[in-house]
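Shared chain: chain A. Partners: chain B in the first complex, chain C in the second.
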Partner chain A sequence: MHNWNESLIRGLWFFTASFAVLSVFFIIFFLLKDAVPLFQTVSVQDFIFGNTWNPTGATPSYGVFPLIVDTLLVTLGAMVIAVPLGLGSAVYLSELAPSKVKAVAKPAIELLAGIPSVVYGFFGLIVLTDWLRVAFDVPSGESWLAGSILLGVMALPTIISVSEDALNMVPQMFREGSLALGSTHWQTISRVLIPSALSGITAAVILGMGRVIGETMAVIMVCGNAAIIPEPITNVLSPVRTLTGTLGIEMGEVAVGSLHYSALFAVAVVLLVITLIVNLSAVWILKHIRSKQSAEVPKRHFISPNNEWFWPAVRAVLAVLIVLAVFFLFPPLPAAVLMVFLAALIYAKDRISPNISQKIAFVLLRGAIAVVLCVLGIILLYIIVNGLPALSWEFLTQPPRDLGRAGGIFPAIVGTLYLVAGAISFALPIGIGAAIYLSEYTRGSSRITGIIRTGIDLLNGMPSIVFGLFGFAFLVIFLNFGVSLLAGMITLGLMVLPTIIRTTEESLKSVPTSVREGSLALGSTKWQTIRRVVLPPALPGILTGTILSIGRAAGETAPILFTAAVFSKRFLPTSVYEPVMALPYHLFILATNVPGATKNQYGTALVLLILVVAIYAVAIWIRNRYQKNVRW
Partner chain B sequence: MVNMTTEAAVISTKGLNLYYGDNHALQDINISFERNRVTALIGPSGCGKSTLIRCFNRMNDLVDNVRVQGQILFDGEDIASPRTDVVEIRKRIGMVFQKPNPFPKSVYENVAYGPRVHGIKDKKILDQIVEKSLKDAALWDEVKDRLHASALGLSGGQQQRLCIARTLAVEPEVILMDEPCSSLDPIATTKIEDLIEELKKRYTVIIVTHNMQQAARSSDYTGFMYLGKLIEFGETCQIFEAPGERLTENYVTGRFG
Partner chain C sequence: MQSRKLRFLIAPVLALLVLATLFTGCVNNSGETTPAPTTAPAAQSISVTGSTTVLPIAEKAAESYMDANSYADIQVSGGGSGAGVQSVGEGTADIGMASRDLKDSEKEKYPDLVQYVVARDGISVIVNPAIPVTSITLEQIKAIYTGEITNWKELGGPDMEIVVIGRDSSSGTREFFSERVMENTDYVRTQLEKNSNGAVQQTVAQTPGAIGYVGLGYIDSSVKALKIDVDGTLIEPSIATVTSGDYPISRMLNMFTKGEASGLSKDYIDYILSPEGQKIVEEEGFVSV
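Moving on to the complex of A and B:
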């Protein structure tokens, strides 16, 4: 009788774990199903390499090449901004920051991750593009540069936290070993710590890249959205349009089942392939370092670097490439200046004393963190200062009037709360069940576990707009839910599922095996052990993951864009089959489509910001509190 | 307590006190270490012997909330002072740690690391330094064919000798060893002890150990520490055969530890 119970419970958890995998297959299947009809008319070659994206023209053309190029350009630009700032900040936080500074700066940077992308987009649209317009004296600041700056800022928290973790994972004994040989702190950082953490840092950069490629709302709001390849290719002030932006803009207006509709799903497939490559390589690299750091076996290189010529050759090739790239990208004069500067740098590098290079390096590191914190401060201050005057009792409790120019945002607040509550009650049981299965019922790496894990990684890496498309194709159209609260809840739930699974699994794993053995040795069953011994200490971790998911679901726009949200609805929904208003969507429309709603834009942005940041702050507080208290 | 003349001493402390927060970890330590001799520091866990030698290369600077009072004279200069150039001190006073800590680089790069950060770039000179250091650390024959393989692939004993070679490559005057054999098997331990015997011809060695046989076998002088105090200091044979303090006798005869 007892065994029956145990297998039943095990089966239940296995079912929840499989759910993640099934939903990945489902998403891919539905994207492909709707993408395939395009290729009966347009060849794959024309689609990928076609130079014009004009699906609504008299003779529609579906060439996605400019969109791919623009996506890559925006990503590249964002990385150029985010990698130095992010790495510098991570090194500063991990190595130099006094504990007081660290105690403030770390949560601040984590909060930066919590700001909804539509709020970033709003700031970019109102402030950043305006600055660029004035600074470069161009007709519009909506450009590649604006997109890259904004996305770079958005990628910073990921890059900073993951690479700081990687640096902290470098054993203290390497640090001591290097210092004991009389190297300076900076020599230790640059020659021992960073190389040791290199794989983790690479993974951080790739994860940040994944975030950038998958971002939709901010891109739509600041990039200008012209489907052209910048002319010349280095013209950072040219408007661009990314894959995600195209989906976000056109999906809402397309006729279901048309060729254009199919083409958009094909765009989503391209986007998915790009993000999957990026995210899976990050997962692979992270796995690799874990096995490398524990294993004592000598590492095998593809090309053994003990060849005397190998590294000099690599360096020479790189140097030539950099010189060519610089002269290709910049006009001759700045290029020459840049080359002289680089040469001076290389010349000086080996000739200035270690103490002076340490001083220079530390100034740069402090500069990086200062820039990051300033950006955070500016964004927050700007929205708070401008938003506060809009806040009033009426604003919070009244429905909007005059297309949102007047009145309040009450239905949007309630709609967001409904959506989040529904998403969490859908994702939480499944997510926790899957995590329990993965952490407690599987040992090491069976094939099924491998598949489930890969499924979760895939789900985690999917851009939010892809969830939106899937929700539309499957829930809204196929299951005939219509644009509804229900469709939005499920779409958002799927999106936060991997976060819940991961954080839960991590906190379950942090409970030591000896505790489980202690309970089992007293004759309790597996499930009794899990429920009474393993789950209670893991609860704060699970709670943190849940709260982070709530924050993410509350701030996301792309998944509800076509599944649940409407702009204006005077009354609250009475059933789950009705559409709702939602804060992020409301802000997006006010900012992009309604002229003269300035005051209420700021108000909406501030309410959304407060809501999400408060949720994140609670999560961070819980985590920090219990991290300190629980020591095994 | 034996008072040595400080002229022959390389390092000597005067009224050295160290606090970890409120914990008074070193209490009024006065000790001198003679040039080209091996001095062992023994005592039960937590007695402060590692803390003491980590004062000499200022490794305690890495720990939060540490306060040091008193003097540490190294060639007549007070290296406990906040004005001391710690990087310079660590070049001249090397350290081998309790657990082998080779960097995750090749064997060659591990040894070349020190000379490189101190400004040597010529490949030929580096090659010579690496070869000589590895030979001096009695490791050359075992690794000469895999200089460019990862150091993490060596055995524990080999890793520890690599760390010694890495220290020798910087040509320090003093080598601090913090329980260098505690994580090694008996055969590897013997090799390291033989190596220490060789090293004392050219270096001053200060070794912390909780293994009394090791102290008896390989040192010229021994200091016994207990609860943050230096209880007794003298020639090794005197400490082990005719200890002057009851506490020392109890410890070296194995009555506690």
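Moving on to the complex of A and C:
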């Protein structure tokens, strides 16, 4: 009897775990299915390397080469901005920050991750592009630079928190050993800590890159969307158009089934391939450190034959990259001056006293975190100051009137809550089940668990607009749900599934094996052990993951753009087959489609911001509270 | 032994169950979307989706129709002309809106769509108020959008680079502009593309050297609408000039239903075509039919 129950439960968890793999397979299948008709007319080479994207010209051309180049350029620019700032802030938070500063700055930076991308886009559209236009005295500020700055800021929280974790994971004895040998604090950081955490930091950068490549809404609003390769290629003020941006602006109006429609799905496939490469390399690197840390850390030698060629090689590659980047980004003369300056710096580096170089370095680190916090402050302040006057009881409780210029946003608030509730009730059982299977029922790595894990990682790295496209092709059209609450819930649920699985698995793993063994030794079955012994202490962790997912689902626009959201709906939905209003979509429409709605635009942005940030704040609070209380 | 066998059985059974629920969902759905009989004053809902150009009319009309008839729930969403035609053709929406006529491929795919012309719209060419130019010929517009003219001084304005702003390539407005003004030549590749009339208007308003094209309804004090020079006569984009047929760039705005409109869809379209509805059309800056 017991046996039967146990296998039923195991089978159930196995099924939920397989779900992620099935979804990945389904998503790829449906994107390919709709992309294939294009290649009956256009060859793959013409598509990938074609220089013109003009699907509605007299002679339509479907060349995505400029889009790919622009996507990579915007990503590169964002990384140039985000990596130094992010790494500097992470080092500061992990090594230098007084505990009081850390207590404030760390959650603040995590909140930065909670700001919905459409709010960033909104800020970029109104403030950033205008500022760039005036500052650089160019005809229009909508440019590669605007996109890179905005996306760089968006990637910062990921880069900071993951690299800070990596720095924290460096064993304390490394620090002590280095300091005991008489190195200064900065020498310890730069020569011991950062090299030891390098693979973790690399993973942080790649994860941040994944976020940047997959971002849609902010890009549409600030990049100008001209499908050209900048001329010359270093012209950061040239307008550009990314793969995601193309999907975001053209998907809505395209005739379903046309060649243009297929071409957009083919663009999605290209985007998917790029993000898969980025995310698989992140997974690979993380796996690499994990195995290193578990097996090698206790007796790791710094001067191993492996390292002797490895570090000089890394340095040489970095130096070549920097030189290339400098000559790429600047005209020849300033580039040469900069190179001389850099060379002087490197020459001087080992000749100035360690104390002075430590001072300089620490000033730079403090500068990095100051810049990050300032940016956060400016964005928040701008939206709060402009949004507060719009907030009123009526605004929160009335349906919109006059195209959203007057009236309130009540149906949008409720619609967002419905969408989130549905997404979570869809994703939570499956996510927790999959995590239980992965953490409790698999020992080591069999082929099947390997596949499941890869599936989850791939799902995690998919750009949100790809989920939107899949939701449209599969749920809205193929299953004929129509643009509906149900389609939106499932799309958002799929999107947050990997987050739930990851966080649940992490918290299950943090429960020591000895506790499980004790329970099993007392004669309980596996499932009794999981239910009564393992799950209760893991609950806060699961809760944090769930709340973070709620925040992400509430703030996303791209997945509901074609699946669930309507511009206006006076009554609340009565069944899941009805469409809904949603806050991020409402803001997107007010900001781009309705003239003269400025006041309510800011009001909606503020309400969305408060909602998402409040959700994140609760998650951070729960985590901090239980992190302190639970000790094994 | 037994448990192992079961494990292999369980997964497919569960998979079937889930699929079954999904497909029951479908059946229920198609059952529910059939409109309730019109005689009953019970709550009825229809969804209207498509072109962002037609959206203000549909939305305003829906608001005042719902104020008068409390049983009605009219849901309006944007998405674009293509999405509108597709949704009504597939039956996922009751009314589709399009700022263009049906394409041949669409006619072929959905032969039973019925067209209702609800309004006319003039496409006006707008510039930033900082530009002193007040009129322009169709040839000059074309030259700007093909990239032959790149500076305002060539049109008697200041020495300032022209920032060309257009719509995304699947927009109905762009398609109309391509046919009527561009005569299907290609746009200059540095054109900034926006996904809505509002976005074009906003960008033109905050960019000093910008030129763009939007529907009449989007003209306000933040931008300047250029007069079109037709053989020396300057024609201002306005409701009067579009109605008289003098303004050279105007088009029809459409709604589509699958088969003849019935029930609430019919009442709603009739309301838009009534004098009261056409008043809304004019209030939103379009031209009544």
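Operating definition for what follows: the second predicted complex is superposed on the first by the 598 of 632 C-alpha atoms of A that agree within 3 Å, B and C clash if a C-alpha of one lies under 4 Å from a C-alpha of the other, contacts with A are read in each partner's own complex, and residues count from 1 in each chain.
Here, a residue touches a chain if its C-beta (ideal position, glycine included) is under 8 Å from a C-beta of that chain, and two chains touch if they have at least 3 such contacts.
Here the structure is a predicted model, which means the values were calculated and not measured.
In the superposition on chain A, A:439 contacts neither chain B nor chain C.
Judged by the touch definition given at the top, the superposed model places A:594 against chain C, while chain B stays out of reach.
In the superposition on chain A, A:507 contacts neither chain B nor chain C.
In the superposition on chain A, contact is made by A:260 with chain C only, not with chain B.
Contacts of A:499 after superposition: neither chain B nor chain C is touched. For chain A, the partner touching the most residues, choosing from chain B and chain C, is C.
When the two complexes are overlaid on their common chain A, residue A:226 makes contact with chain C while staying clear of chain B.
Within the complex formed with chain A, the residues of chain B that make contact are 57, 59, 62, 64, 87-92, 94-95, 97, 99, 101-106, 113-114, 116-119, 121, 146-150, 152-153, 163, 166-167, 170. By the touch rule above, chain A contacts chain C in their complex via residues 3-4, 6-8, 10-12, 14-15, 18, 52, 54-58, 125, 129-130, 133, 139-142, 220, 224-228, 238-239, 241, 248-258, 260-261, 401-403, 476-477, 479-483, 486, 562, 565-571, 575, 577-579, 589, 592-596.
Against chain B, in their complex, chain A makes its touches with residues 99, 171-184, 187, 191-192, 195-196, 293, 295-299, 304-306, 350, 354-355. On the side of chain C, the complex with chain A involves touching residues 2-4, 6-7, 10-11, 14-15, 22, 25-26, 28-30, 32-33, 45, 47, 49, 51-52, 55-56, 59-60, 62-63, 66, 73-83, 85-87, 90-93, 103, 105-106, 109, 160-163, 168-172, 174-175, 178, 184-187, 189-199, 201-203, 206-210, 218, 220, 222.
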